[in-house]
Structures are given as structure tokens and as C-alpha cells.
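Multiple structures are listed underneath, in C-alpha cells.
Here chain A shows up in two complexes: once beside chain B, once beside chain C.
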Partner chain A sequence: MDYLYSYLILSEIYVLLGLSTNLLVGVVGIFSVSQAAVFGVGAYIVGDFLLSGTLSFLPAVAVAAVACIALNVLITLPSLRVAGDYFVVTSFGIQLLASATFTNWTWGTGGANGLPGVPPPDLFGMQIASTRGILAVSTVAAVLGCLAFWLILRAPFGRLLKAIREDELAVAAAGKGVLRAKVSAAALAGAFAGVAGGVYATYLSFIDPTSFDLDASILLLTMVVVGGARTLWGSVLGPFLLLALPQLLTLIAIPTTYAATMQQLVYGALLIAFALFRPQGLLGERL
Partner chain B sequence: MTDYLRVEAVNHSFGGLQALNDCAFTIPAGRITCLVGPNGAGKTTIFNVITGFLRPDTGEVRFRGRVLTGLSPQTIVHAGVARSFQNLRLFLDLTALDNVMVALPGGFGEEPLGALFRPFHAARTDRRRREAARERLAHVGLADRAGERVRNMSYGEQKLLTIARLLATGAELLLLDEPASGLAAGALDQVMALLRRLQDEGKTLLVVEHNTRVVQQIADHVLFLHQGHLMAEGTPAAIIADPALAEIYFGGAL
Partner chain C sequence: MLLLQLLANGIVTGSALGIVAVSFALIYSTTRVLHVAHAGVFTLGGYLAWSLVRAGVPDLLALGGAMAGCVVLGAAIQQFLYAPLERRGAAQLVVLIASLGMLEVIQNVLAAVYSPDILQFPSAWAGRVFGLGGLRLTGAQLATVGVDFAAFGWVMWFAHGTLLGKRIRAVAANPFLAEITRLEPRRVHVLVMAIASALVCLPGVLGPLDYGLQPYGGVTPLLTATIAMIAGGIGSLAGAFFLAIAIVVLQNLSLLVMPGEWSIGVTFAIFIVFMLFRPRGLFASG
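Let's turn to the complex of A and B:
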């Protein structure tokens, strides 16, 4: 039962991250490979505040969300000048920079040793220590995230974002502000990632740089590609499916020493296979 | 009296190529002006300058006395000048209706806060705008294609759709880059009739066009551009009858 709860909580956290990545990569077409870095900043901020006891859970998550909004807007800004494929390179560099900071800035992040002992979330003065309680928190966060994503997609804002993905010049010629819309989308994506980081840090109670590295960013992309770009259900299905994979792999008799490598291999193979043979993913539209 | 649109001494070079060379002309309100000239004469470049997609090296563009040069394309559309593209630039994965709706001004919920916190208000205003967009589609004869993805529409329909999208901006001066090129006879007549109807409804049109038959049928006035400079202007008949211009146009050595 505990395993099931753990799977659900992590999947829901990744649903928020999947929504964040899908909004940026799928809907607006800003091909970011640094969403895990933003996720990490959210996690470390909440972890630091709770460890030092300066803020309780909700205010800490709010601060993390605001910081991640600012950060994501900042790192997405190059996409306004650097088009398409070139932005991937920029974004790749940002991810490496973030990973290096997480590993080396010992004062803020605990460096490679990470931050152990992050207290569980507290709401209105009550500590939520049980896994079931945390599941409730992550479920509320994921449902709110899904609702926001759904509202965005069906609003005129969603239409504008989709148009921007197809042709920025035509959007400008239609008299609409491309810059403002892109910045708004980046801000939203940052907020999702920041909240996900906060729930993640308090649930695991231990965070270290390996959760927020390039592999994690690519996992997020794989979730969007496999689940499906530009749809709510695609963003939900991807995380639940890919996080079940390690468990499925244990059903096959492979030595545990290979399991982690095997997992990366399967993620990579899935990414390539879907990109080649089913670019719309399971429940999405063509990326 | 101030001119409706005045292009004044515009120069622009791409590297060593002087694309616009002291380009100057005016166009009057309520008329269809055709911009003709051989390939590379600078027709699309002057479109880009007028609509803010390209900042000229020197010179300026005034619309109703207001300087447009230096303004963003977005602001210029709001000032009343909008353009279409030679290569259409439609949103292929969106429906015809959504293409038009993107260009309609002033939608509530086009930014995230409105979309998230006042979703019902956003949906209500969007419904009203959807009706307005349907009217634009009906105007160009695409009423029954509203729900179709642009990808699945014929080239002729796509060309009409670019005009519907242009109309949706609400601009009064419309710059059309080759609206009739590549069309079969039937679709061609449809586009020409539409352009004349737009003129009757009070729009002013500046049209880049290669087809002399189209120019003869729709133009009130013709501007002949050559090597980035206004070489001649006049009635369609006068321009077409000028042997020197025909020589340039059809590739004679000059």
C-alpha cells in the first residue's frame, strides 16, 4: 500500500512538471530542456525555508513559485531571439549551469550531499506526517494544475499560444503581442514547476542534485512526447506511465546493478520510438 | 491636406544590396493601388518597412500624418495598417475560424490571469467574437469551412482565408502581397470581386500583383517599382502601354 501511495504522489508531482513542460514545449513550442532545473530551485527553496523554520509550508511554496516564475521567464527570454533548434542549445547550457550550482553551492543546497531531513508539509499549524496526508496535498496540487492547464487551453490565451507556436510573424501581423504571451506562458510553467518542487522536497524529505539534472529534464520531455503534446490527458498519462516503468522492469529478472541503466535505456528508446513513429504521443497532437 | 499613406525617401540595404533606393510614393484613401515591378524590385521589402517588420536605414512612413517608422508591427496594426504574406503564413493546425479569431482585436482572456480567474467571462466574450469571426469568414465566402483545419483546405480557400484574417484585424489600409498568384481562373475572379467589394466597403488597398490582367481589372492607380525606386506611376492602361516599362518588366536589357 505504501508503495502505491508513493507511486501516486510522485506521479502527481510529475503531472505538474509534465503540465509545465507541455505548456512550454508542446503548446508554445519553446523547446526547453531545463525544466528540471526550475523544479530543483523550487524544491531547494522550500527545503531551505522549512529546514531553517523561517516559513511554514504554504508561504514557502508561494515564495518558491514566485522565484520559479521569475527564473523561468529569465531563462525563456533567449527564445525570443534565438529560434527553434538553437534555443535547445541555450537551454541545455542553462540546465548544466543549474546542475553545477546545485552540486557546488553547499551553503544553499548542501552540495552533492543534498539536503536531508526536510520536514513534512504543514497546513494551518498541523504537520502532515502520514503518506496518505501528503497524497491529499499532492492530489490537490495536481488537480489545481490540471484545472489551470485546461482553462488555459480552452481560453483565447491558449489559442494565441498555439498560433505563436505555428507562426510568430503571422501573430505579430495579426496585431497581437508575441513577447507578452510567451512571457506569460513561461511564468505559468515556472509556477507549476515551483509548486511541484515544494511538494517533492517535503514528501521525500531528502533532495539532492541528481533529481534535478539533465536526465530529469529529458525524462520530462519523454513524458510529454509519450503522453502527448498539447493535451491535458497526455500530460497526465505520461508521468503515470513512465513512473510505473521501474516497477515493470523489476518483473523482468535483471540484476539490480543494471536496473538504473536499463531504465535510462528504456526511456531513451521510448523517446526515439515515439518521436519517429507516433509524434502525437498516446493522447496528444503532433509535437 | 495630409496624405493617407506617405512613404518618404526610404533607403534600405541588405549587406551590399540596396533593396530600397530613395523610395517615395503616396497612396490616396479609398482606392486600390497596385504595386508592380520585376522580381527584386523591392515590393515585399517596402511592405515590410510600412508594416514595421523591417526598420529602414533612412526615411519614414506616415499614415494619416502619424509616423509609423519605429513602431512595432502590433502597434501599426492597431493604428490601422495590416498586411498579408505572399507565403500566406496561416496557422495550419488551427481551424479556419480560429485563424480569424486570433486576429480579432480586444479579446478578454488572451492573457493568463483573465483566462484563469474569470473563465466564464472569457468564454462569453469569446462566443461573441466567434460570431464576429464567422461573419468575416462568410464575407470571403468561407462560411461553411469554419471548422476545417487549414491544412485540409485548398490553396484557393487558404488565400481567401488570409483576407478574412486581415479583415479581422479591423485595419482600414490593407496591404496584400500577391493575393491572386497561383489561382485558377474561377478562384481568381472570386478574389478580384472580393477586393473590389472591400473597396466599396471603405477599405484602402495596396496590392502587390504580377498578373497584368488582374492589375488592369482592379487597380485605380499603379506604382511601378524598379531597383528599389519608384520609376513611374499612372493609370493601369498607361503603365501597361509604356514600352520602356514593359522592357524592364519582361526582362529586357536596360
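Let's turn to the complex of A and C:
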């Protein structure tokens, strides 16, 4: 039972991250391999605040969300000014730089050893220590995230984003603020990643740089590509499917030392297969 | 003296990354694909050479064998991945995703076959230290400088002095015109990928002679090389080569003031400066 709970909690956290990546890759249409870096910043901020006891869970998550909004806007701004391929370089660079920071800035991140003993989340003075309680927290967070994503894509703002993807020049010519719309989408993506980081840190109570490296970013991209770009259901399906994969791999007996390698291998194969044969993913729209 | 040694090390590693940058620029300017999986081809070269050397093949032959392997992989990626995507009119984003997937597959197949740990070449000459004045360089480092500068000379001659090189530059300059004048851009694309994959194999083998092989070791060099290509100006092969040397020299000199873990930060800072002040690069053509 605990096992199922853990799968559900992690999937829900990754739904938030999937929405975040989907906003950037699917909706705004920029290639990003640095969403795990933003996720990590959120996780470390919440972890640091809760460990030092200066803030309780909700304010800490709020600070993390604001920091991640700022960070994500800062990261994506260049992509909105220079050609698409340059941003790929920016994105790889940010991810590698973030990994270097997570691993080497011992004071803030615990370095390669990570931050152990992050306390469980607390709401209004009550500690939520049980797995079931945390499942409730992650469910609320994921449902709120999905609701926000759904409402935004339906609102005039969402239609504006869609129009930008179809024909950016025409939208600009119609007098709409293209840059502002893209920055807003990036900001929202940052908020999702920050909240996801906070829930992740308090649920696992231990965070280290391997959860936020390039491979993690590629996993997020795979979730969006497999689930489907630009739709809510795509971002929900992707995480639930891909997080089940490690379990499937344990069914075919693979030595545990090769488990991570095999997982990444499958992600890579999925990326190629979907790019070639189904670029819209399982439940998405044309990428 | 330390300064001079760091400078020398920078030029050695820089010339290796210079060839990565030149080969990448060759692909990018012709096919317009940001070939992320090039990092995988780079890594594969080293592992192939390692296997051949372990099997008792002489070092030079092993290098040749590894280059052949890289040529096959590079041409296959163009023929069976990028070309079909191009025919279907796939968005740039989708091609990138496919390329990233390819990189993941190559890296993890290597990790599964050879283990994710660092492997050292058994070649004894590579580790021998030579004193030049006050400088100390290993055999592998000397081979790297020699081979990579020679390879750069060859590329410049090839691109500007041969008919095939001119054909490639014609396709890069105007694919549409190349199509209607029967220069066959598609075949040229496969050819370019083959040549660039053979080139990238050189630093892919010579670098690890010095510091060992690692299946995930290709991403950072490729990122640095790409930054060099952009900073040098897209379309300028010499720009890519010399900017790569300049960046790596700066990276090495930065070791005087900060620890090596942050050298990726130095590279990235250079990129940001270029993005802000000269996004088209130093020697952009056209």
C-alpha cells in the first residue's frame, strides 16, 4: 500500500513538472533541458528554510515559487530574443551550471551528500508526517496546477499563446504583446516547478544533486513528448506512464547497477520513436 | 611557470575541442540541424579505439577503426533519422528531440556495454611525460596538439581547395539553388555527417588517452564547442577552431583564481557576453 502511495505522490509531483515543461516546450515552443534545474532550486530553497526552521511549509513554498518564477523568466528571456538554436545552448548551459552549483556549493546544498532530514510538511501548525497526509498535499497541489493550466489554456490568454505558436508575426502585427505572453507562460512554468520542488523535498526528506541533473531534465522532456504536448491530459498521462517504467524493468530481471542506465536508454528510444512516428504524443497536439 | 603550463594545457585541450567545434560547425552550417548526438559519436570513437587496443590492434590502426565506426554511425543518423524527419517537414524542435534521444541511446548503450565507470587506455606512450623547456606535456597531449592542428589544416584545405568541399559550401550557402543545380543536397548531407563524424573521432580518442573514458563525458565538450562555434560566427570554420582554443585557454587560466568545478561557469559566462554584445559571432559570414 505504501508502495502505491509513493508512486502516486511522485507521479503527482511530476505532473506539476510535466505541466511546467509542457508550458515551455509545448505552448511557448522552446526546447528546454533545464527544467530539472529550476525544480532543484525550489527543492533546495524549501529544504533549507525548513531545516533551519526560519519558515514553515507554506511560506517556504511561496518563497520557492517566487524564486523559481524569477529564475525561469531569467532563463527563458534570451530565447525570446535570439534564434531558437541559441537557446538550446543556453538551456544545456544552465542545466550543467546548476548541477555544478548543487554539487559544489556545500553551504547551501550540502554538496554531493545532499540535504538529509528535511522535516515533513506542516500546515497551520500541524505536522503532516503520514504518507497518506502527504498524498493529500501532493494531490491538492497537482489538482490546483491542472486547474490553473486548464483555465489558462481556455482563457483569452491561452488562445493568444496558441496563436503565437501558429503565427507569431501575425499576432505581433495584430498588436498583441508577444513577448509579454511568452514571459507570463515562462513565469507560470517556474511557479509549477518551484511548488513541485517544495513537495518533493518534504516528501523524500532527502535531496541530492542526482535528482536535478541533465538526466532528470531529459526525463521531464520525455514525459511531455510521450504524454503529448500542449494538452492537460498529455502532461498528466506522461508522468504516470514513465514513472511506472522502473517497475516494469524490475519485472525483467536486470542487475540493479544497470537499472538507471536501462531507464535512460528507454527514455532515449522513446524520444526517437515519438519524434519519428508520433510527434504529437499519445494525447497531445502537433509539436 | 604555472601560468605557462596552464596556457600550454589550454592550447592542447583547446585544439581538441577546436576539432569538435569545426566538425559540429560543418554539420550545422550544411544541414541546419543542431546535432546534439554528435557528443555521442565523439564518445563512441574513444570506446571503439579502447576495445581495439585491448584486442591487441596497434594504436594507429585502432584510431582508424574507430574513425570508420564513427563514420558509419554519423551517416546512419543522417540517413535514417534526420533525413526522414526532414522529408516529413518536422519542426526544428522535433528534430532536436530526436537528436537528444539518439544521444541518450548512444551514451547508455556504451554505459551498459562498458560500465559507467572511467576506463583508462593501456597505451604506455600516452602517459610518458616529456619536458619542453620548463613545460611538462604527456605523450597523449603532444599527439593531441599535432593531430588536431593537422586535422584543422586538412579541413581548411578540403573546404576551400577541393571540388567536394566547394560543393558542400554551396549546399550550405543556398540549399534551394543547390537542389536545382543538381548538387544533390541530401547526398551531401550524408557525406558531411560522415566526414564530421570521422573528424570528431580524433579528439574523441586522443583526449581519453590522457584522462580516461566516460560514457557521459561528451556533453560538456560539445557544449563548449557549440559556444565556440557561435562565438566564432556560424559559417566560419577557422572562427570555431580558434575561439575553442581561446575559450579553453581562458578556462585554464581561470584555475589560477577559482577551483576547477566552476570552469563550466566561465564557459557559460563567455557565451552570455557574446549573446549580449555580439550574437552573430566574431567572424560571421554573409
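Everything that follows uses one rule, which is that the second predicted complex is superposed on the first by the 287 of 287 C-alpha atoms of A that agree within 3 Å, B and C clash if a C-alpha of one lies under 4 Å from a C-alpha of the other, contacts with A are read in each partner's own complex, and residues count from 1 in each chain.
The criterion applied here is as follows: a contact is a pair of C-beta atoms (placed from the backbone, for glycine too) under 8 Å apart; a residue touches a chain by one contact, two chains touch by 3 or more.
Keep in mind that this is a model prediction, so the values were computed, not measured.
Once chain A of one complex is fitted onto chain A of the other, the partner contacts of A:Thr131 are absent, as it touches neither chain B nor chain C.
In the superposition on chain A, contact of A:Thr261 is made with chain C only, not with chain B.
Of the two partner chains placed by the overlay, only chain B lies in contact with A:Ala187; chain C stays clear of it. Considering which of chain B and chain C touches more of chain A, the answer is C. Once the two complexes are overlaid on the shared chain, A:Val225 sits against chain C while remaining clear of chain B. In the superposition on chain A, A:Ser6 makes contact with neither chain B nor chain C. After overlaying the two complexes on the shared chain, residue contacts for A:Val25 are found with chain C alone; chain B is out of touch. Of all residues in chain A, only 148, 151-152, 154-160, 162-163, 166-167, 169-177, 180-181, 184-185, 187-188, 285-286 touch chain B in the complex they form.
Per the touch definition, chain A reaches chain C in the complex via residues 25, 29-31, 33, 78, 82, 84-86, 88-90, 92-94, 96-97, 100, 103-104, 214, 218, 221, 225, 258, 261-262, 264-265, 267-276, 279, 287. In the complex of the two chains, the chain C residues touching chain A come out as 28, 34, 36, 81, 84-85, 90-98, 100-105, 107-109, 111-112, 116, 219-220, 223, 226-227, 230, 259, 261-262, 264-265, 267-268, 271, 275, 279. Across the complex, chain B meets chain A through its residues 51, 53, 72-74, 77-78, 82-85, 89-94, 98-99, 101-103, 105, 107-112, 114-116, 119, 122-123, 126, 129, 165, 168-169, 171.
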